[in-house]
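What follows is a set of notes on a single structure, which appears directly below.
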Amino acid sequence: MTVITPPETATLAAATASRSTAFWRLKGFPLIPVTILLFIAFVAVFADVLAPYDPQIGSLARRFKPPVWQEGGSWAYLLGTDHVGRDVLSRLIFGARVSMIVGLTAVLVAGVIGTLLGILSGYLGGWADQVVMRVTDTWLALPALTFAIFLAAIVGPSELNIILILGLVYWTRYARVIRGEVLSLKQREFVRLAIVAGCSKRVIMWRHILPNVINSAIVLATLMLGVVIVTEASLSFLGVGVPPPKPAWGLMMADGKKGLMVGYWWLTVFPGICIMLMVLSANLLGDWLRVKLDPQLRQL
Amino acid sequence: MTAVLQAEDVTKYFAGRRGLFGGHRGVVRAVDGISFAIDGGKTLGVVGESGCGKTTTAKLVLGLEDPTGGTILFEGRDLVALDAAGRRNYRKSVQAVFQDPYASLNPRMRISAVIAEPLITNETVAPDAVRTRMLEMLDLVGLPARSADLFPHEFSGGQRQRIAIARALVLSPKLVVLDEPVSALDVSIRAQILNLLRELQDRLGLSYLFIAHDLAAVAHMSHEIVVMYLGKIVERGEAQALAREPLHPYTKALFAAALPSHPDERREDVVLQGGSAEPAQSAERLSLPSALPPRHGALRQRGAGGARRRRSHRRLPSL
Amino acid sequence: MKQYIIRRAGYSLLSLFLLSLTIFLFVRVTGDPIALLTEPGASQDDIEAMRHQFGLDQPLWMQYWHFVASFLTGDLGQSFYYRTPVLDLYFQRLPNSLLLAAVAMALSLLIGIPSGILAAVRVDRFWDSAGKIFALLGLSLPQFWVGLVLILVFSVYLGWLPSSGSGTFLHLLMPAFTLGWYFAAAHMRMTRSSMLEVLGSEYVKLARLKGLPESLVIGKHALKNALIPVITLAGINLVVMINVAVVVETVFAWPGIGRLLYEGVTFRDFPVVQAVVVIGGSMIILVNFLVDILYALIDPRIRLES
Amino acid sequence: MSQEPLLSLEHLSAHYVSQQGTRVVRAVDDVTIRLGAGETLGIVGESGSGKSTLALTIMRLLPPAARIVGGRIMFEGKNLVDKPEAEMREVRGKRIAMILQDPMASLNPLFTIGNQVGEPLRVHEGATRANAWQRAIALLKSVRIASPQTRVAQYPHEMSGGMRQRIVGAIGISCEPRLLIADEPTTSLDLTIQAQYLNLLRELQREHGLALIFITHNLGIVAKMCDQLAVMYAGRVVEKGPVARIFNAPAHPYTKALLGSIPRMSDNRRQLTAIDGQPPDLSSLPAGCSFAPRCPAAFARCRAEAPPEFALDDGRTARCWLAAPGVAQSLDAQAAK
């Protein structure tokens, strides 16, 4: 084997480059991940119609029923019941809603803050840049989960708080990447030509910078979706996320953990699979987008 | 006749980068007291090696950098003293074409928007008038009208450079700064662009500031050439005469290093040959003979014999 | 060089300042600090006394000064739950965290570096794809999920390993693997991309053009260059591991710093939470600083550039 | 030229095939070139003409997507195409050396100069560490690096750019190869440094009796350095022969146009003869001659059928129907009608 690529034949060089640098490259469109994400979104939207039971009300009379295919299971509770007799399937369905709402909103909040600050700091430079970058550096030094736990401990658990916390913790990731892109865009000749043409800074940032970083922001957002969902689930698992009795997947696993040693495996395995599927799908989609939209981010 | 643009003793110093905790570094004299003038309809060529200050010169003329000292006169008026309207007028009158045709066009804008942007930014023109003007420009640079609705990635390097030229000319500027406009292009495309630039100059009476490292291209395009070395102009003169008979030791060395255009012109390497004991860090930069007087002799005016087309009123600084 | 170190040190100090300011302001601005700083269920009189004791009736900058000053003197407050100084608690738990991090790091490097090299050398072939799947799972699966599945398999069904606690080497295996997998994935990715970059470099091309056997090209010319960023990352990650093991330590009831943080949150023991976050952040800032200096020592070009 | 050429490419073709196998890029197509010992050959072409792929083909270091699909590479009487990789490795660096586009980046930053210069000696000649070190010092001296004894123990970042070029040159000649291939050796260099580097290469050539191949897009380098010239267009050699003859009277319309499109110092403000259109996409070449769409002299046959290599009287060949025996006359006759 060899990695010498010919400097000529530009088309081929590009093909070879994507061969070697794309990390999780997939052949073509990631159909299965997108289907899974759409399915979860569908379930989240129509949770009220789809769920057979109220996710928050159970009956102690039917605690710890196993899934239907196991001895003692029944068709009434396909995936069994939990320690207070709530239907696991219904809780999973409503849990999808929590994950979707928290994930998407937090990613959006972080993305908007991070992208805007990244552009401003990268393009304007000077003091604005120094301040944004120092804050970014410092906040990135705090492990995201630890930082989120700290914030959650201060403000107390609620869905809205979790969204704000995740937005606050993760905007720095966008800011760092976007700023880097802006710095290189700034050196590109079309930006200098825009200055020569008399465009104002506002116009340049809006018309020449933003459209050229938006792809990176989208790719980042897709990749961040997985990260945010894991963090939300971890916070809920640790008891500082979505407050009970709301059915969040992480919370369900924390509750189910107690039953694990005595064999109530379905309480932890099912929500775990849900989280895993969603995160994997988001990551696969993000990787495909990265290769598709933005060759510069391939090494990310 | 007055020059379109005149630079007098212009300097640009850069301080070493100063961060929040950065100490003060030495001053870089990117451009160090240069003077030149560009006449209407003429081309001034600038040659020199990397780091000689030619790109900084272009930035100063384009207003991308402010000079540390000296004056730049546009149609006889000092740029620094211009009011807002005068500055706008200057912006409209001086445009640029840069080296990299792939970086010169915003990949997210259609060609129509790329070309029309200077027009929309600087003037209030009705949309259909903008469109008409834009199509006119496409025609001028030899591209079909349907190009307008495409995106930059659909064009080859040479075509993109045509688009960049169309954009530069949309405001009918008087002066166009051409910073290495063909060095990123394929050999067979270069001549197309150089011919186009020449043709547009004749047709529209444009002045060019032509910057390149390819001496033959500069000699071919320019009426007058200045040679820069370490931020200073070391020689200037009528293009043909300077190319035929360089006077300054650096210019001599530079032109001697130029590649021949025909095997018969092969020189047996007069210069740069003798360095068996290479000084530690100076291999990149040819060191000038120490006989060269440091300041006053740095700029030699060419003798009358070699400068048929040279204008008589050209002033040289403090000789 | 001296100037470079001073500048880097300046940035680090600034980061430490911003870190303390962040912690301080979040506590003061969001909600009532007294609710966090006093024990749950304290009487009204106690609260008033505390308000005075913490200087919450003083101007904000004075409060900040006290906050920093007490941290600098090593006074991180008193744990409500354990009723001992927080710093003592921290140092009690630190060895456990270090042990876990060290084993997890060893695992992650043993898995990550060889598989990263293999993936880069066999780019787009079987081992590359296998490595990608491994890394993708490592980076996507929540640690508590991995941990619980391990418990289910190895403790509940097979009964081979203890599900929680500490003391023996067997206790260490599952938490170290859970923590290490995520970082193995990160190290594999880094090794792979760094290796690919080096394999595409001019000097590796020249090495091939010299006619060197492939073993020398990869083993000598590529590997040494490619591993520098990986080892750097590993150095930083060792410190990061101590601070992100919350979930793993909670799942396996491993008595480290992460478990301390979890307890702090559950028992509403705010001084503990605050201390863990501040010390963790400071540690990482310090390590980043050290790595910068080390890099500059190894590679003089960095000094010249910045 | 000697009876037995040092290097002889015979109908050599190397193609890139895309992963799906649907796109074939004929980067090197039916190339026949001969080069005698001690001669200097320039291979000129624009980007995408296949000239760099040709160099990698000779070294047998093509990227995984490309492979040699036909022809022979006869070097010192042996066909390199058939050689097993292990034997090929003994040719690389020992019999054929190659210098890359960017001499600045060609040195490994983590090893001493002595280690890197001596490396081919250790691998190819089994020299001991100490012996390789001593010979590295001698090599540095021979490329005129001052105080080689100290330089040899230093690292690349301690060297100036000019010195690094010389060091790369020293690596190239370390095993006294017969052939040195330089791929765009001076593209990124300033004029004066370019001149220094070219002079160094010429001196090395004279001292060691090397054959040299310059791969470049710059006709100036060819004019300065080369005896023989091969002009490539779209993967094929369209014209080849002695440099002076081609410059004086190019036979192929592409060569003619290329020479006419280059500005010269002496002829100020003359209109250049531009070549219309764009270089073709190698994965979808036109039927017939690939230069036909841009060719001012193209006629019906050019668009239908690709011309073979016609030998001209003066040791030249041209891939053009105009050079076919009798064609020019018949065209004249047609024009006369």
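Each chain gets a letter, A, B, C and D, in the order it is written, and its residues are counted from 1.
Note that a residue touches a chain if its C-beta (ideal position, glycine included) is under 8 Å from a C-beta of that chain, and two chains touch if they have at least 3 such contacts.
Values in this document were obtained by computation on a predicted structure and should not be read as measured data.
Think of each touching pair as a link: the shortest run of links from chain A to chain B has 1 of them.
Path length between chain B and chain D in the touching-chain graph (shortest route): 1.
Counting C-beta pairs in contact across C-D and across A-C shows that the higher total falls to A-C. One inter-chain figure worth recording: chain B and chain C are separated by 52 Å, centre to centre, where each centre is the mean of the chain's CA atoms.
Rounded to a whole number, the gap between the C-alpha centres of chain A and chain C is 21 angstrom. Residue positions of chain A touching 2 or more other chains: 1-5, 19.
With touch defined as above, residues shared between interfaces to two or more other chains in chain D number as follows: 47, 61, 101.
Looking at chain C, one finds that residues 11, 14, 205, 208 touch two or more other chains.
Listed in rising order, the residues of chain D touching chain C in the complex are 59, 61, 89-94, 97-98, 100-102, 105-111, 119-120, 123-124, 157, 168, 171. Contact residues of chain C toward chain D in the complex are 201-203, 205-213, 216, 220-221, 224-225, 299-301. On the chain C side of its complex with chain A, the touching residues are 11, 14-15, 18-19, 22-23, 26-27, 30-31, 36, 121-124, 132, 135-137, 139-145, 148-149, 151-152, 155-156, 163, 189, 192-193, 196-197, 199-200, 204-205, 208, 214, 240, 243-244, 246-247, 250-251, 261-262, 264-266, 268, 270, 273-274, 276-277, 280-281, 284-285, 288. Residues of chain A touching chain C in their complex: 1-5, 19-21, 23-24, 134-135, 137-139, 141-143, 145-147, 149-156, 226, 230, 233-234, 237-240, 250, 253-254, 257, 260-261, 263, 265, 268-269, 272, 275-276, 279-280, 283-284, 299. Within the complex, the chain D residues that touch chain B are 46-47, 144-146, 160-163, 190-196, 199, 217-224, 243-244, 247, 257-258, 260-276, 278-279, 294.
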